[in-house]
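I have a structure here, written as structure tokens, and I will follow up with some questions on it.
Order as written gives the chain letters A, B and C; numbering starts at 1 within each chain.
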Amino acid sequence: MQAVPVTLLASAWIMRPDDANFAGNVHGGIILKMIEEAGAIISTRHCNSQDGEPCVAALARVERTDFLSPVCIGEVANVSAEITYTSRHSVEVQVNVMSENILTGAKKVTNKATLWYVPLSLKNVNKVVEVPPIQYARKEQEEEGKKRYEEQKLDRLETKQRNGDVIFPIINPEPHTVGYSQSSLIHLVGPSDCTLLGFVHGGVTMKLMDEVAGIVAARHCKTNIVTASVDAINFHEKIKKGSVITISGRMTFTSNKSMEIEVFVDADPFVDEARERYRAVSAFFTYVSLSKEGKPLPVPQLLTETEDEKRRFEEGKGRYLQTKAKRQAQLQQAALQ
Amino acid sequence: MQAVPVTLLASAWIMRPDDANFAGNVHGGIILKMIEEAGAIISTRHCNSQDGEPCVAALARVERTDFLSPVCIGEVANVSAEITYTSRHSVEVQVNVMSENILTGAKKVTNKATLWYVPLSLKNVNKVVEVPPIQYARKEQEEEGKKRYEEQKLDRLETKQRNGDVIFPIINPEPHTVGYSQSSLIHLVGPSDCTLLGFVHGGVTMKLMDEVAGIVAARHCKTNIVTASVDAINFHEKIKKGSVITISGRMTFTSNKSMEIEVFVDADPFVDEARERYRAVSAFFTYVSLSKEGKPLPVPQLLTETEDEKRRFEEGKGRYLQTKAKRQAQLQQAALQ
Amino acid sequence: MQAVPVTLLASAWIMRPDDANFAGNVHGGIILKMIEEAGAIISTRHCNSQDGEPCVAALARVERTDFLSPVCIGEVANVSAEITYTSRHSVEVQVNVMSENILTGAKKVTNKATLWYVPLSLKNVNKVVEVPPIQYARKEQEEEGKKRYEEQKLDRLETKQRNGDVIFPIINPEPHTVGYSQSSLIHLVGPSDCTLLGFVHGGVTMKLMDEVAGIVAARHCKTNIVTASVDAINFHEKIKKGSVITISGRMTFTSNKSMEIEVFVDADPFVDEARERYRAVSAFFTYVSLSKEGKPLPVPQLLTETEDEKRRFEEGKGRYLQTKAKRQAQLQQAALQ
């Protein structure tokens, strides 16, 4: 049997009713979970491809990801993953998702995501093992990869931890205020949520984060909502089996047609550690509201009340304008080429 | 980061197609499972909040629970849990479920459940550890809790074990007899069904019990049926990972608009113990039949044949009349206040 | 409590939206998984019924299985299993599935499957323990069982391993060619996929195989498709927790109204073994295309291009004609009786 290249992977999944909202659009969280699973498989396979210490690749970071078109129940999601760069201790994976309508054969690009994994020893979870280098087709690929590696490393160090922020329940909030739509859910981490190392899969965490963000968005605008994008997420802290995780979301910003929701993941490792409750992950999700025909609808303006809410709104506006400017620059560059 | 009070918990879940029957009503078993998960989390968190032995809270008892209004696919179930009493070795948790229609914002109380947990040591599952006492806002709260504690303790001792009762298959039963609708299912206990201690979550057992009771009810009246209430359930015996459980249900009583179904859970721990098959749990579920518009429908009368069936029907009638009288007394009391 | 005969088992399951395709027909893979679970439970129970070494029954082989009528969402699948033969080291189980429309009470036979299990010691997974003999009602039952045992033993030795065959991606394939519909999916084996011994349940593997075969069939004919039959499957190689499995399918043959799809399961045990990627299972699935009213539709002819494809098409035709002849002989025999 011929060797299969370890640096490439392709998989097809049928989307089921439980994966979708009431309008039949597959939740962004389901897609993030598929993306992460493909990334984890390909990087674990690569890191074990030479006679080194057995290891499991753990998700360290997901770059900003856009959801380019919605996927529907009954469609096939084609997931392909490729290792695009390796440093001494990390692996960069590019995962693309393409939706396919089986009845018409029509295909659409849904996502292009970039993920970073770090291989942890199966025998000692605190030890990062060495990554076998990949072969590049062209010299520039390695240089560009190195540049991306340095950039994300810097960004990971800079991450605002926002550790002081907790979401408190509000009594009788007014419609369209932050307190009105804020939501949280609590999940007991079971064995099927975890890797062989006994820590939660990054994809499981992202799926729950999207679930909370979706409830916040739907409570705010009371229509059919879909995930439009997720900001870069850093996974600084592992979450152990048996922990209880609280995922909380609050709206930070609205433009005419989009909502930004900040999501926090806090872990309580109470059962077998002396450790305190800690902030494991935080991220910004952007949602849009869609009509039955799939057209974007206007979104009610978020009413900010406290000084903190007003500050967060301005920060969200900053991120929104920055992303918008970046996209326009890309369009102009594309037009010039 | 500010401390979160360990005695309070709130969580929001979106209801999915797999959670519901063909009329779109979420199965009572799904709601019981959510309730139990919230109770297990809050009591485990509380019991580990001081520097004692690490432990996991195991469900000992659920008080009688009414399903006040059906929940539908796409709605958000808001689960809130609060510790309302602690004895030396047990925790009483009050869990409320409120359904929320995200499109209209309408909210309805669905359940108010009371559960009792016992903390078992993580190192020695046969050892019950001590529960840290909670603070009461008023002195009377502690006294009322103590009264409830004594009552349930008495009831747990009194539990008729009904261990002699086994459900045998009937050949060619007549419609509306007990044998016609009786049903059973068999489940292999896997890792995702179990707590950190390797025993089945009480909520998983209740979900399967409701599944069998629902098949019995649907076979009897051939319409859309929903869970109306569950009698107090005592969990005397733990069920270990790798066991096979047989859940059997038979109809015991019908009123004009309700059906009572008795459900047994038997465990076969054959794989790693010398132990015999044993009765782990038993309970009564009450179902009603609903029209497409959600109105209660008349239920065909149960045809009893044997002496045992007639005796069980009379016992069921007793429970039905007792519950009815209790509810009327509550209504009168409420009217007087 | 009266002893329950260990050689008989009956279970009822409600079919859910996630179990079905967009036309509401339950996937064959879901039914295969239910069948295998029932077989595993009854044979594990039987093999532990005497005071021998604790053991878990592992699936060794499934005989050719026909799907006689489709099952729909909301119907109850009644699964009954019976041990029909035991050799010194293996157990033959007959599993029947009957679908039941709860609203009308109508029942239809869906499947009659025969499975072979081998009990592996819980302490030493490489040791096959002895099977307690069953009692036969008539002497001929034992003789017929022995004959089936010898036949399947021979067939298991003969199994063409097809180990040289790998499915490669094709760039821009023409519609109705083999490359156009071939598909694969990749799955990380988690704890809920595995038995107590830490190896994948046979039913989990068959469910994933049916999932890939269904995508191949739907891509080829772009209509609603259902599993019509599965050829005998031998499970030569166990798959360990933590492995990554790649399931690949390609169309081998089309008749006027059916499609034959060959499915391969390859396992990568990279994490904790020095072992190479290996072929764990392979099988042929037959699918038909159904109209909205459930009538069989004509299927587009498969376009074969390479010599290998033409050879496989002829082999598939051979299997098709053999099955057809066998069925006609059975019908004639039935008419004579």
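Throughout what follows, a contact is a pair of C-beta atoms (placed from the backbone, for glycine too) under 8 Å apart; a residue touches a chain by one contact, two chains touch by 3 or more.
A quick note: this is a predicted structure, and the numbers were derived from the prediction, not measured.
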Practice problem: Quick one: how many steps at least from chain B to chain C, stepping chain to touching chain? | Solution: 1
Quiz item: Could the interface between the copies chain A and chain C be described as same, meaning over half of its residue numbers are common to both, or is it different?
Solution: different
Practice problem: Take the average of all CA coordinates in chain A, do the same for chain C, and state the distance between these two points in whole angstrom. | Solution: 36
Practice problem: Mark out which residues of chain C touch at least two other chains, giving numbers and ranges. | Solution: 17-18, 191-192
Exercise. In the complex, go through chain A and note every residue touching chain B.
Key: 17-18, 21-22, 163-166, 169, 175, 183-186, 188, 190-192, 211-212, 214-215, 218-219, 222-223, 241-242, 244, 246, 268, 270-272, 277, 279
Quiz item: Considering the complex alone, what residue numbers of chain A touch chain C?
Solution: 1-2, 4, 9-14, 16-18, 37-38, 40-41, 44-45, 48-49, 54-56, 73-74, 76, 102-105, 122, 191-192, 194, 196
